[in-house]
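Letters A, B, C, D, E and F mark the chains as written, and numbering starts fresh at 1 in each.
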Amino acid sequence: MTSKMLDKNRPDLVAEAHCDGPCGVYDPSSARIAAEAARSMTKKLLALEPPTPGDLQANASYHNTFSRYVAIKEEQADIAKRELIILWTDYFKPPHLKDYPDLHETFWKAAKLCSSVKVEVNQEHADELMAVIEKIHEIFWATKNRDVPWYVAS
Amino acid sequence: MTSKMLDKNRPDLVAEAHCDGPCGVYDPSSARIAAEAARSMTKKLLALEPPTPGDLQANASYHNTFSRYVAIKEEQADIAKRELIILWTDYFKPPHLKDYPDLHETFWKAAKLCSSVKVEVNQEHADELMAVIEKIHEIFWATKNRDVPWYVAS
Amino acid sequence: MTSKMLDKNRPDLVAEAHCDGPCGVYDPSSARIAAEAARSMTKKLLALEPPTPGDLQANASYHNTFSRYVAIKEEQADIAKRELIILWTDYFKPPHLKDYPDLHETFWKAAKLCSSVKVEVNQEHADELMAVIEKIHEIFWATKNRDVPWYVAS
Amino acid sequence: MTSKMLDKNRPDLVAEAHCDGPCGVYDPSSARIAAEAARSMTKKLLALEPPTPGDLQANASYHNTFSRYVAIKEEQADIAKRELIILWTDYFKPPHLKDYPDLHETFWKAAKLCSSVKVEVNQEHADELMAVIEKIHEIFWATKNRDVPWYVAS
Amino acid sequence: MTSKMLDKNRPDLVAEAHCDGPCGVYDPSSARIAAEAARSMTKKLLALEPPTPGDLQANASYHNTFSRYVAIKEEQADIAKRELIILWTDYFKPPHLKDYPDLHETFWKAAKLCSSVKVEVNQEHADELMAVIEKIHEIFWATKNRDVPWYVAS
Amino acid sequence: MTSKMLDKNRPDLVAEAHCDGPCGVYDPSSARIAAEAARSMTKKLLALEPPTPGDLQANASYHNTFSRYVAIKEEQADIAKRELIILWTDYFKPPHLKDYPDLHETFWKAAKLCSSVKVEVNQEHADELMAVIEKIHEIFWATKNRDVPWYVAS
C-alpha cells in the first residue's frame, strides 16, 4: 500500500496540499489568468462598435469578432471556475474550515460570479470576480505560510 | 435587455433552475451514470487477476486492461464531480440553503469522494459516492416538487 | 488472457451490454438530457427579441446571449449524437438486429436529426429528436427486460 | 432563410457533401491516420519486453511506456471511430444507400473494430481496421467521381 | 531500459520520425484538411447575406449560421495550428535544419497564419495558409524520400 | 473594420501583446505550473516502490497509482508545451527576434523537453524544462519592461 493511500484514510490529520493527482502543485494564478482574460474580453465587447449598415465586410468583421470574444469569454470564465473548484475540493481540507469558516460561501460566490461573467457582458461582475480571486489568493498562501505577492498580467 | 439578464439581477427572487446556459435542464442522472461507471471499473479492477509470469501475451492483455480501466475510472469520476458541481454552483440558489443548511457540506463531501474514487481502487468509497448522489437526487427533485424514482442502470 | 478478451472473440454469443470500456453502464438518459438542453436552447433562441437599434448595451446583451445559446445548442446536440452512437456501436450487437431490423436506420435518422438541430433553429426537428430518443429508450430497456419509465427533466 | 436551410429540407435531392458544419471538406485520411497510429501502438506494445525484476529504473521506464502506449492507442482508435462516424452520419445520404446497400453494416463493423483495437492488444484486428478503412476510402472517392490513391504514412 | 529511451539520449543521431508517442505516423494531411475546412468557412461567411430587417426567423437563421461558422473556423484553424506544431516539435530534428535552414521561420509564419484565419474573415490569408501547408507537405515527404502527391479534398 | 483588423495587417509595427483572442493576457506562469506538476509526478513515479508479489490489493494500488501518475505527467507536460507555443506563436512578434535572436531555438528546445518529460521518467529533463521556462519568464517580462519575480508553487 502506497503512502498516498494511507494519507487518504486520515484526511483530518493531513492539512498539506494533495490534489487528486496528487501532484501537490496548487497556484491560484491559474484562476487569476483565466479571469483576467474573461474580464479583458468583457471590456473589448463593450467597446466594439456596430458596423455601418450596408458595409458587408465590416458587418462580417464585427460579427466574427463579437462571436469569437463571447466564445473566449465563455471558455476563460469556465476555466476560472474549474480552477477555483479544484482549490475548493482538492486543496482545502476540514481543518482549514476552522480558520476560514466562510470558505464554502466564498467559493460558492466566486463560482456564481464565473457564471455571471459568462452569461452577461458585465464589467462590474468581471471586476468582482477578480476581487474574490485576490481574496482566495490571500487565504491560500496564508495557509501555506508563504508571502506570494498578488499581481495581474494585463 | 433579455429576460435572462433581469433574472440574474434578482437571484434571490429566482429559485427556479437556471444553469449558466441557462438551459434549465438539470438532472442528477448525469452524475449517477458516471459514478456507476467509475464503481463498475473499481469492481472490475479488483477482480483482475495478474497473469502467469512469462506469458507475454497475457502480460500485455493484463496491463492493457488495467491501464484502460484506471483511465476510464479517472474520467468517469471526473465527470461525476463536474456534474455535481454544476448542480451546486448553477442550480442551487441562496433560498435553498434555508431548507438544506448542510448543502455545502454535502457537495463538498461528494466532490471529495469523487477524488477518492480516482485516487484509490476502493469499493467502499465508490459505494459511498453512489449513496451521496442518491441523497442529492432526493434533495434535487424535492426542490422541484417532483417525484422521480431513483434507479441504477447496471 | 482476461475474460474480457474471450468475450470479444465470441460477440454473437454475448448480447449483454459491454461498452468499449467495458463498464456495462448504458443509459439513454445521457442522450435525452443533452437533447432536452438543445431543444431548450432552440426554443429560447426563437423567443429572443432583437434589441432596439442604437441601444448599445442591449445590442451587446442580445448578441452575447444569442451566440452563447447557439454554442450550447451545438455542444448539447453533439453530445446527444455521441451518446446515441455509443449505444449503436457498443451496446447493440448482431443478435439485436433480428428483433429490431430497422436499428441501423433508426440510429442513422437520430444522428442526422442531431445535425439538423445544430445546423438550424428548428423547434420541429428538436421535437422529432426527442421522439426518436424516446423510441430508442423503449427499445433499449426492452432488450434488458426492464421497465424504466420515460421522463423529461424540463 | 439561408440556402443551407433549404438544402436540409430536401436531403434526398442533395447527394453532395454537407458535413454538419457544413464545410464540405471530407477526407477518409483523417480516420486512416488515426488507425495507423493505433496499429503502430499495438505493434510496439506487443514488442515491449518486461524489465528484469529488481531493476527499478527499468521497471519505471517499462510501465511508463506501456501505460502511455495504451493511452495513445485508446485516443487514436477513438479518433478513428469518430472520423468514421462523421462520414456515416454527415457525408453519406439516402441516395448513396442504393449504390452501397451494405453501407450501414460496413460502418458498424468498422466502428466495432475501433472498439476492439482499444479493448485488446491485437495486431490482427488493427490490420482489419485498416482494411475496412481502405474499403471506405474507395467507396467515398467513387461517390465523388475522383481517383485519389490510397497510401499509408508509416 | 527500452530502446525508446536510448533513442532520446541520442537525438542528433536519430533523424527518423518519432512523435512524442512515439507512433511514427506523421502526415501533413491532418493540417491540410483542417485548413481546408477553415478556408471553406471563411468563404461561406463572406457569402452570407444579412437578413431583411424585421424577418425574425431569417434573422435567427442568419445569426445561428454566422455564429456556427465562426466557431468551426476557429476550431479548424486551431487544429491546423496544432497539427503543424506537432510536425515542428516532434518530427523535425536538428539534422533537418541543415537542409532547411528556414524551417523555424516557415512554421512560425504558418502558425501565425492560423491565428489570422481565426481572427479575421480573410480569404487571402486562408489561401496563404494553404500555400504554406503545401510547402511543408513538400519538405516533409522529401525528408522521407517519398513522392506523395498533394491534393485537396474540397 | 475593427482596430483589431488593422493591427493584423501591420504586424511589424505592433510589438504589443495580442494573443489570437486577442485578450492581451499572457503569463508564463501557466506553463510553469504545468511543468511543476509534471516534474512532481516524475519524482513521485521514481519513488514508487513495487508491491510485494502476491499481495493483490497492494498490486492493484501500485498499478492504479502508477498509471494515474503517468497520465497526469502526460497531460501536464502537454499543457506546458501548449502554453509555451501560445507565447511563441501569439505573443512574440518579428521585432522581438532582433533582441532575442535565439528565440526560435529556445522555444524549440523547450517544446522538445516537454516531449521528453512525457516519454521518459527522467528527473533531469524535468529540471531542465523548469530552467528553460524560467529563462522564458525572464525574456517575457523584460519585453514588457516589468519586474515580475520568479517563484515556484511547490
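As a working rule, a residue touches a chain if its C-beta (ideal position, glycine included) is under 8 Å from a C-beta of that chain, and two chains touch if they have at least 3 such contacts.
As the structure is a computational prediction, the values presented were derived from the model and not from experiment.
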{"item": "Smallest count of steps, each to a touching chain, taking chain C to chain F", "value": "2"}
{"item": "Furthest chain, CA centroid comparison against chain B", "value": "E"}
{"item": "Distance from the mean Cα position of chain F to that of chain A, given in whole angstrom", "value": "20"}
{"item": "Separation of chain C from chain E, taking each centre as the mean of its C-alpha atoms, in whole Å", "value": "31"}
{"item": "Multi-chain contact sites of chain A, meaning residues that touch two or more partners", "value": "4-5, 48, 57, 61, 63, 65, 67-68, 71, 118-120"}
{"item": "Complete list of chain pairs which touch one another", "value": "A-B, A-C, A-E, A-F, B-C, B-D, B-F, C-D, C-E, D-E, D-F, E-F"}
{"item": "Residue numbers on chain A that touch chain E, as the complex places them", "value": "56-57, 59-61, 63-65, 67-68, 71"}
{"item": "Touching residues on chain E, where the partner in the complex is chain F", "value": "4-5, 8, 11, 20, 22, 81, 85, 88-90, 104-105, 108, 111-112, 114-116, 118-120"}
{"item": "Residue ranges of chain C touching chain E (in the complex, touch as defined)", "value": "45-46, 48, 50, 63, 66-67, 70-71, 74, 118-121"}
{"item": "Contact footprint of chain E on chain D as seen in their complex", "value": "1-2, 4-5, 21, 23-27, 29-30, 33, 36-37, 40-41, 44, 48-49, 57-58, 61-62, 65, 68-69, 72, 76, 148-149, 151, 153-154"}
